[in-house]
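Here chain A shows up in two complexes: once beside chain B, once beside chain C.
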Partner chain A sequence: MSAELFSVFYQFADVFAFLILSAAGLAIVFGMMGVINMAHGEFIMCGAYVTVGLVKLGLPLAIAQALAALTAGLIGVAVEYLIVRRLYKRPLDSLLATWGLSLIVTQSMLLIVGSSITGIGTPEGSFAIGGYTFSTYRLVLFACAVAVLIGLYVIFMKTRFGVMARATMQNAAMAKALGARTGRIYAISFGIGAGLAGLCGALYAPTMTLIPTMGATFVVESFVTVVVGGANVLLGTAPAAVFLAMIRMALNASYGQIIGQIGMLFAVILIIRVLPEGLSSVLVRRGR
Partner chain B sequence: MKSGHLLKVAVLGVVLGTAAFGVAQAAEPPLKVGLLEDVSGDLAFMGMPKLHGSQLAVEEINKSGGILGRQIELIHLDPQGDNARYQEFARRLLSRDKVDVLIGGITSASREAVRPIIDRTTTPYFYTNQYEGGVCDASMISMGAVPEQQFSTLIPWMVEKFGKKVYVIAADYNFGQISAEWNRKIMKDLGGEVVGEEFIPLGVSQFAQTIQNIQKAKPDWLLTINVGAAQDSFFEQAAAAKLNLPMGSSIKIMLGFEHKRFKPPALNNMHATANWFEEIDTPEAKDFKKRWRAKFPDELYINDMGYNAYNALYMYKTLVEKAKSTKLEDLRKVIAAGDACIDAPEGKVCIDPKSQHTSHRMRLISVGPQHEVTVEKDYGTIKPYWLGDIGCDLTKKNDKDQYTPSHLPNKS
Partner chain C sequence: MFKLLDGPQTLGRGRTFWSCFLVVLAAALIYPVFADSYDVGNFSYFLIWVFMALGLCLMWGYGGMLSFGQTFFFGISGYAYGVLAINMGGGSTTIAALILSVFIAMIAAGILGYFMIWGGINGIFFGIVTLSATLVLAFFLGQTAGPEWHIGAARLNGFNGMKGMDPLTIGDFYIEGSALYYVMVALIVIVYIALRMLVNSRIGNVIVATRENPQRAEMLGYDVRKYQLLTFTIGSGLAGLSGALYTSWGQFITPSSIGLPAAAMPIVWVAFSGRSDLTATLVGSFLLLFGFQTITVYSQQAALVLMGTLLLATVMLAPHGFVLGIGKLVVDRWTGRRRSDGTPALADTSRLQSDET
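Right, the complex of A and B next:
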């Protein structure tokens, strides 16, 4: 019985981690900054490829993953400075620009690195409960997802940068008038978002097939989680992931992956219909 | 000024050269071969060897004088794994470029997308993949292996070796669904039991729940007919969770070269039946691999699709030369006479007159813990007999249909 209970928790944790890690970067870039970043998947792919490359050079996995997230973050800062910065007031153009970027990046990777590279293998470690065996690494992913949530909360709610960032997102002109360096804040925020996307790719790299379009497998889940979370991403993303993970896990377990995916997307449609502002609108109202 | 002058001379040279070339070639316009293969998108890693195999065959045939003295012009378009683009490009190749033959398509969905378009023309079409079988269509010539060559060999072997309980994970589209149906039929005939079947939407990459469902069902072995890079993540995740079950498949190793793309031992204990895999070491195969590697030194793996794509051009050459014509009806007369055979790197292969599918030398291969491939069993040449047995006879009637164990021709 306890094996069944644990397995339910494990499966929930697995889907939850996938949703949080794929959505965290987008929550900042799309949720807070309002940039519909179609290249989100390519930042994820970047994290994965850098991780695998560094591990093949002999670095330990954890360090490679940290460096990969950092690389994606720095590329994010550059992308913000070169492309996104000019398009804050033109959201549809930024959508097109980032989509174009995504196409260019996937095709360039295909041409330069090739259609597929060899994986590095999931770190050893598994444990058995009842008749089931589980991979320890999946729990590491869950721990990372929780850590990312806590980290985001601390950065944006407890630090001076966070206060200024939130002020800039709410009213850039006023924040600027009060002395916030909004240009730099935008760049750093975008960089954090890209870095978190890179972290997602870095963490999932050992468990997946590595191809240039691998980011696409995360993109639907990430947008869905952020949209269901709603306007206040710091409050909304976690409950959105909990809610969607529970639905998907229950349906996956009983009816298989097809129904799991259909059911989750159906729930998303219902939520957007009933709560156009997302889950966080309810939470914020309650809070006041 | 000087460079401008040079340019003029160069242009003149090119024009004259082209004109001279044009005169020499005017009597024999090239044969146009239309090729639809994905070299970008999710299936690029499989499509690339298909393009390479076609290019290698075209180069070799052109060097040795072409087909009936005519050079081959290969027109490749990349549908990027998008079935709508497959249809658009097929129309373009057929009606604008007026190709003499159309080759290609990776997924069965893409094949079924272009087949009705080809059926409205008189252009022959070669499908070069192994697939779920059953297409009885006079316009189509199938070069890959089919279930009676792959499943009727593999599944009895797996049952005998590992046990009667199987769990199936399959991609959720026509290939996966029909292959699963084949498995059900063969398992029933063997007195085995399908303890679970899970169909996975394309693009899904997370399998923790599936792995647990498998452990709950306690099968003796797995049939893995999952498709695409995302779904292949199953192997890494199953290995990390220590699932440790024997696996069988009709598309792994020789087609998707998962043993080259994943770190050992993720593909340990995988078994497949194949007409080609790069590890074949007969003299003919070695010679073929040497020529391939000379042209494409960076190829990660020469897969069976690429190999079949290479054979398709030689088969086309044989058909055209025997028929002394490029017309579909004339090519089909050669097939109907049972004369459509080539000496392929795997050995002699022939097109079956009734179904227009290809006979193959089938071998059962196993993957070891270091991802080494060993041949377990050699079945010799197996003919594609199933369609003929159920009543498809293209020499008499063009059904233009795809049959499955549960969708058989009407007995009239």
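Right, the complex of A and C next:
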């Protein structure tokens, strides 16, 4: 019995981790600046490639993953400075610009690196409870997802930067008048978002085939989580991921991955009919 | 009725513009006489995609709804044509299959549009929900490889795509080669004229008013949701027309014409051309398709990198579109002196600027 219960938890944790890790970066950028970064999948791809590259050079996996997230974050700051910064008054145009960037990056990678490189294999092995075998690494991923949420809570609720960032989020002009450097805050937030995308790629790099178009496997999940969650990462993305993970888990178990994904999409389309501003609008209103 | 052809919502009016239009049309009509059949086939292929671009132009440029789902409806209709043509037995029924598959795409657009528009989701989310639907459809069709995935006699065939349907046929006559080319040209002219009349009509004015300011339009007594749904259904239906024609043209369709990067292409064409005008979209899309095809022969990746660069450059340098910008420049030069006699259509650029908020 407990083995079955654990199995259900394991499947939930697997989907939940995937949703949180793939959506957190996108949600931060959207929450702060109202911009959807269409090159999100490419930052994920960047994280994965850097991780695999560094591991092949002989670095331990964990350090390679941290460096990969950092690399993606730094590239994110550069992209913000060169492109996104000029388009804050035109959020739809920033969507198009980042999509153009995404096309350029994916196709250039296909030209330069070729279609796929050899992976590094899933670490950590597996363990068995009852008659079932589980991969330990999947639980590590779940722990990472929870750690990301806690980390974001600490950054945005407990630090000076977090206060400034939340002030900028509420009213950028007023925050600027009171001395917050909104430009820098935007750049750092975009960097954090890109870094989290890189972390997602780094964490999933050992579990999947590396191809330049791998970002596309993550974007649907990250989009729908952000659409359901709305503008607030902690009060929106996390509950949205719990909710979607339950739907997805139930459908995955009975009908397989693709029906799980279709079911999740239908759920999202039904939800936006009722809650167009996402779960966070309801939760934030409740909280006030 | 034909006075609706010229109006405040479309650029280009009067004798000069329509003379140019007739010259281009005449050139298009005599083209097959001079060109070899391979080039005529290629031209038909470019024209297939123009419907999709015009549909996006209507939704995005006129209606203010940025749909990333053109290839979603393209795929639905393309696959529907295949399924119907195979199951109804080919021959003249392919014409019915074409009409029905466009109709199916419009029904799908109506359903998806209802949930999004009545839910009241805004510009960015409209884009990413439609794109999510598109990608999920592509993933789904990509894994339908087994023999259990079939509709009637039509096998979906997963990533390799569906094939074996008849092209458009009347009796024993396959519409292909220059016949297909003339059908395409006729359809483009009909759709272009009809869209011009639509956007300059009373309905078109409401559609534009909704883009400018939905609240104001609502206060004036219009149910903006109905007009948005109508725009979305027509625009997506045109993508469906492209899809059905594509399947009939090549007698195959694969999931890769739905997913990324295919889904980005209509956005590039329309953004580069100038989303706020049908004529600019028509001309620009055709030019881009021509250029894309020329480069694709050498390297598809390079062609796609170029498309991405064009999209980025358009947004950063000419947010209203390159073709539209250049067109305006040329016309302004030409008619520079006659500006003061009260032709507001070209000078009035203010309407182009407000759909960015």
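As a convention for this text, the second predicted complex is superposed on the first by the 286 of 288 C-alpha atoms of A that agree within 3 Å, B and C clash if a C-alpha of one lies under 4 Å from a C-alpha of the other, contacts with A are read in each partner's own complex, and residues count from 1 in each chain.
Please note the rule applied: contacts are C-beta pairs under 8 Å (C-beta built on N, C-alpha and C of every residue); 3 or more make two chains touch, one makes a residue touch a chain.
For clarity, every value in this text was computed on a predicted model and none was experimentally measured.
A.B. asks: Both complexes share chain A, so when I overlay them there, do chain B and chain C fit or clash?
C.D. replies: After superposition on chain A, which the two structures share, chain B runs into chain C.
A.B. asks: Tell me which partner A:Q107 touches in the superposition: chain B (first), chain C (second), both or neither.
C.D. replies: It touches chain B and chain C both.
A.B. asks: Let me test your reading of the model: by the given contact rule, A:I120 touches which partner, first (chain B), second (chain C), both or neither?
C.D. replies: first
A.B. asks: Considering only the touch criterion stated at the top, classify A:I258 as touching first (chain B), second (chain C), both, or neither.
C.D. replies: both
A.B. asks: Please indicate which partner A:M249 is in contact with in the superposed arrangement: first for chain B, second for chain C, both, or neither.
C.D. replies: In the superposed model, A:M249 contacts chain B only, not chain C.
A.B. asks: Could you look at A:P276 and tell me whether it touches chain B, chain C, both or neither (first, second, both, neither)?
C.D. replies: Second partner only.
A.B. asks: Look at A:A202 in the shared chain and tell me whether it touches chain B only, chain C only, both, or neither; answer first, second, both or neither.
C.D. replies: So A:A202 meets neither chain B nor chain C here.
A.B. asks: With both complexes overlaid on chain A, does A:V227 touch chain B (first), chain C (second), both or neither?
C.D. replies: A:V227 sits against chain C, while chain B stays out of touch.
A.B. asks: Given the touch rule stated above, what does A:T213 touch, chain B (first), chain C (second), both, or neither?
C.D. replies: both
A.B. asks: Considering each complex separately, which residues of chain A are in contact with chain B in the first and with chain C in the second?
C.D. replies: The overlap between the chain B and chain C interfaces on chain A comprises residues 106-107, 110, 213, 216, 258, 261.
A.B. asks: Okay, in this complex, where on chain A does chain B touch?
C.D. replies: Those in contact with chain B are residues 7, 10-11, 14-15, 18, 106-107, 110, 114-123, 126, 128, 131-135, 137-138, 206-214, 216-217, 249, 252-253, 256-258, 260-261.
A.B. asks: Help me check something: in the complex, which residues belonging to chain A touch chain C?
C.D. replies: 34, 36, 83, 86-87, 89-97, 99-108, 110-111, 213, 216, 219-220, 223-224, 226-227, 258, 261-262, 265, 268-270, 272-274, 276
A.B. asks: Spell out the residues on chain C that touch chain A in their complex, using ranges where they run on.
C.D. replies: Spelled out, the residues of chain C in touch with chain A are 66, 112, 115-116, 118-125, 127-129, 131-133, 135-136, 139-140, 143, 259-261, 264, 267-268, 271, 299, 301-302, 304-305, 307-316, 319, 356-357.
A.B. asks: Going by the contact rule set out above, which residues of chain B touch chain A in the complex?
C.D. replies: 39-42, 44-45, 47-48, 172, 198-201, 203-206, 208-210, 212-213, 215-216, 218, 229-230, 232-233, 236-237, 239-243, 260-264, 266, 298, 300
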